[in-house]
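Have a look at the structure below before the remarks.
Order of writing sets the chain letters: A, B, C and D. Residues in each chain are counted from 1.
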């Protein structure tokens, strides 16, 4: 079994900012993809904002099992139609891993239905990521906690829906806390948000972070066939009811065979 | 204490369809609002699609504790800016009750982040609404179940996120089932979806349905002050960290005092 | 409306340990109850381990809306029959607030179905309690966070089921984190766990802690009549089925009118 | 990879009741185990009430990945110590599938913390099991629904905690509904309750039921090492705090190195 994973990178800071380029000379997406490819089950490729359709054509997405998303400065430049396309694929069963500043990406806000806001501070302080359930598939192989020496603080309140599972909670040197690993399901798609990953620190080279991402891709992978038509509201007419045929009673709005309203 | 409730009605079928007008000559919103006003704690007014800003001005929403939403044919005619305005108010703490065909309303899909699709059949069959937790505030006063003699079937799969609570599950004469009462929280706002309420049957005159709606408005009401700025991501600079002042380490993207990206 | 609240205290350390007696000369339960009684809606009395039936007779519990539980050293001395009695009342709708070392109380473990273990350290370090949802009824009136100058550290992993809501997350001086405020529902009863409250520090005199407890009692209160018989599995015979009478098909284990097995 | 699965059967009705023996001449546990073993990944053995330690010795459980539980008449005869042993293994990561009348088994009630009661009727009526999320691993390969021609009715309210996921909801000929497939996590263990399976009908020969059980075993399997000591509350002394050594402030209850109370 091979999991086809696409790492999407905004690829802006790497081009514009010397600090970021120094750390990620080939782009953050490339580094993240290399980390994933350490796992023999994962086949990782990349896509960026600058490519046609942001590298996320209908065909590409149809052949993607898990999408990893890193964006920050250019959230607003992501085309709304592509966002809807990605959302549809998540509902059909594609996994989605949203990283760090992706909390404010269009796709994450679209799937959460909440502001997804938080507190932040860029001071290179220490972060200690505590593992809530060490036997959760996303935490396999970790100890009680791991540390990131320099990080951007992301603090509560994180205005997301109550998660399916809280996998990680972070302690910060400056005094804040953050639910740094959260799982959701949207339609048939598994969604994981993971907060570490600020672009001015070499976080995606960290062994624990790479382990979390590899685990998360495997957790998010759903081998079932895509749930085609999940957004459709099919009519089951009276003569085809499970207990049918039914006698039609009372008034009607729709003519037989007519589509529902949207 | 008075709960300020606005019942929003699309008000289209009542104008165009004789069956619906016959049942709801003053509009469904008016009937729903009258049912709510039976409760001395609820002050119910109405708003419709046809009014300026759909009757949902900034001022009106700011003075609304709970919004009840009924729409069907004209979901697409609701202005996107008004939808965002309502979502913002829900996040700030306004309660929202979404009724029946409102499953496909822009506001419900916006808050759920999923397709919100389902199966349907308009055959006037019987629906039996089972109460999962009789002591849930939304179920106060109900028996084990109540029946609606003629209803539109809404069947599973209902593609919504896993709810906070499943309050009701419906049995249909034709053989389907439906999770007919579901609760969610989005930001500070309580959201309740309730499926009965097809416009060609006199469902909003039913005593049990009216009881559910009165209960739901009281459940959804959050007396806390509006969570202003819930969608903002405030910076907590290094010198104002709870444990601060912090020494700044490592590279930086943002200049001191700079706003974050969105 | 008056909420009848009983504060149950183990009342052992106050008798045996000078430090604790110095802080709580009348017992922790008395201090907690006085804090609650500051709220005009709450009528707070106390019960202790040493009283007959631990002060929790059938009659007393039947007249209790919300029970607050503080225990530590003598968990094992609480009578199993009383634990079952309390559990039954929670299922029927009585609220339960479990404090601090009560994480290992028989009643909390009984209702959670998990070990409820955690890490701990008694070093008088600082705790900063972060508010995840400021508009949650249990958090009304709090700021972004509040601090407790000297606390016992309770650290993750806290082996409880995923909660209905995470209301608070704590930051510790020593480097750990903890989900310090969690809500659950068990049957018709609302359950809240709140971790601050070590007996060698004057935590229950703290204004923020008292506010949380007052809020929690009001949140946990369920005005619905007790769900009598919630633990019974009633038979609905074939002739009394909602769609009945049903023709009986196939083999049978039970004779008509017979009770089910337990 | 092989999943080591033990099917536990009460094995009483098969001995005492002619109808049940006629359907399951080798015992229900044997039929269930054979169904599971159709899947090459599952190695299924059986254990029964009558064996020493009910067939669930410490060694056997340590070598079990997933336990399937069917009991009914003799719940009360299951030794409390064995129940605790099974609970401990679930917390450590062993999967548990609870079937039908197992809703009232000691182990299920132990893990849920609620009464787990329901309505019932033995009339051989039809059950239609609706699939809520067709891409859930437990539902792989099923259609929108499947039917069981003769079943025992289990009706709501089912007094269990709100599940992690509602996988199935059942429609009954007699008019009731039931959340017939529910998932939970307790400690590191995945728990699935599945309601079909009354002993007087040949339900465990049904292809769809067998598919659900095979899927459920694979879903429940957690390959992580057992979480040894999950029920322990380890002390992290001040000199070994992550940020340590900490200066000890304030009063203390415990002497250095002392165990916590239970």
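Everything that follows uses one rule, which is that a residue touches a chain if its C-beta (ideal position, glycine included) is under 8 Å from a C-beta of that chain, and two chains touch if they have at least 3 such contacts.
As the structure is a prediction and not an experimental result, all values here were calculated from the model.
Peer 1: Give the chains in contact with both chain B and chain C, ordered by label.
Peer 2: A, D
Peer 1: Among C-D, A-D or A-B, which chain pair copies the contacts of B-C, with over half of them the same by residue number?
Peer 2: Interface equivalent to B-C, from the options C-D, A-D or A-B: A-D.
Peer 1: Where the centres are mean C-alpha positions, what is the separation of chain C from chain D, in Å?
Peer 2: 26
Peer 1: Return the distance between the CA-based centres of chain A and chain C, expressed in whole Å.
Peer 2: One centre to the other, that is 36 Å.
Peer 1: Hunt down the residues of chain D that sit against at least two other chains at once, touch-wise.
Peer 2: In chain D, residues 128, 133-134, 155, 162, 164-165, 171, 175-176, 185, 187, 242 touch at least two other chains, as defined above.
Peer 1: So in the complex, which bits of chain A are touching chain B?
Peer 2: By the definition above, chain A touches chain B via 13, 17, 19-20, 23, 72-76, 87, 91, 101, 104, 110-115, 117-125, 150, 153, 155, 159, 161-162, 164, 173-176, 184-187, 198-201, 230-238, 241-244, 246-254, 260-262.
Peer 1: Going by the contact rule at the top, pick out the chain D residues touching chain B in the complex.
Peer 2: Its residues touching chain B are 128, 130-134, 144, 155-158, 162, 164-166, 169-172, 175-177, 179.
Peer 1: So in the complex, which bits of chain D are touching chain A?
Peer 2: Its residues touching chain A are 93, 128, 133-137, 140, 145, 164-165, 171, 185, 187-188, 222-224, 227, 242.
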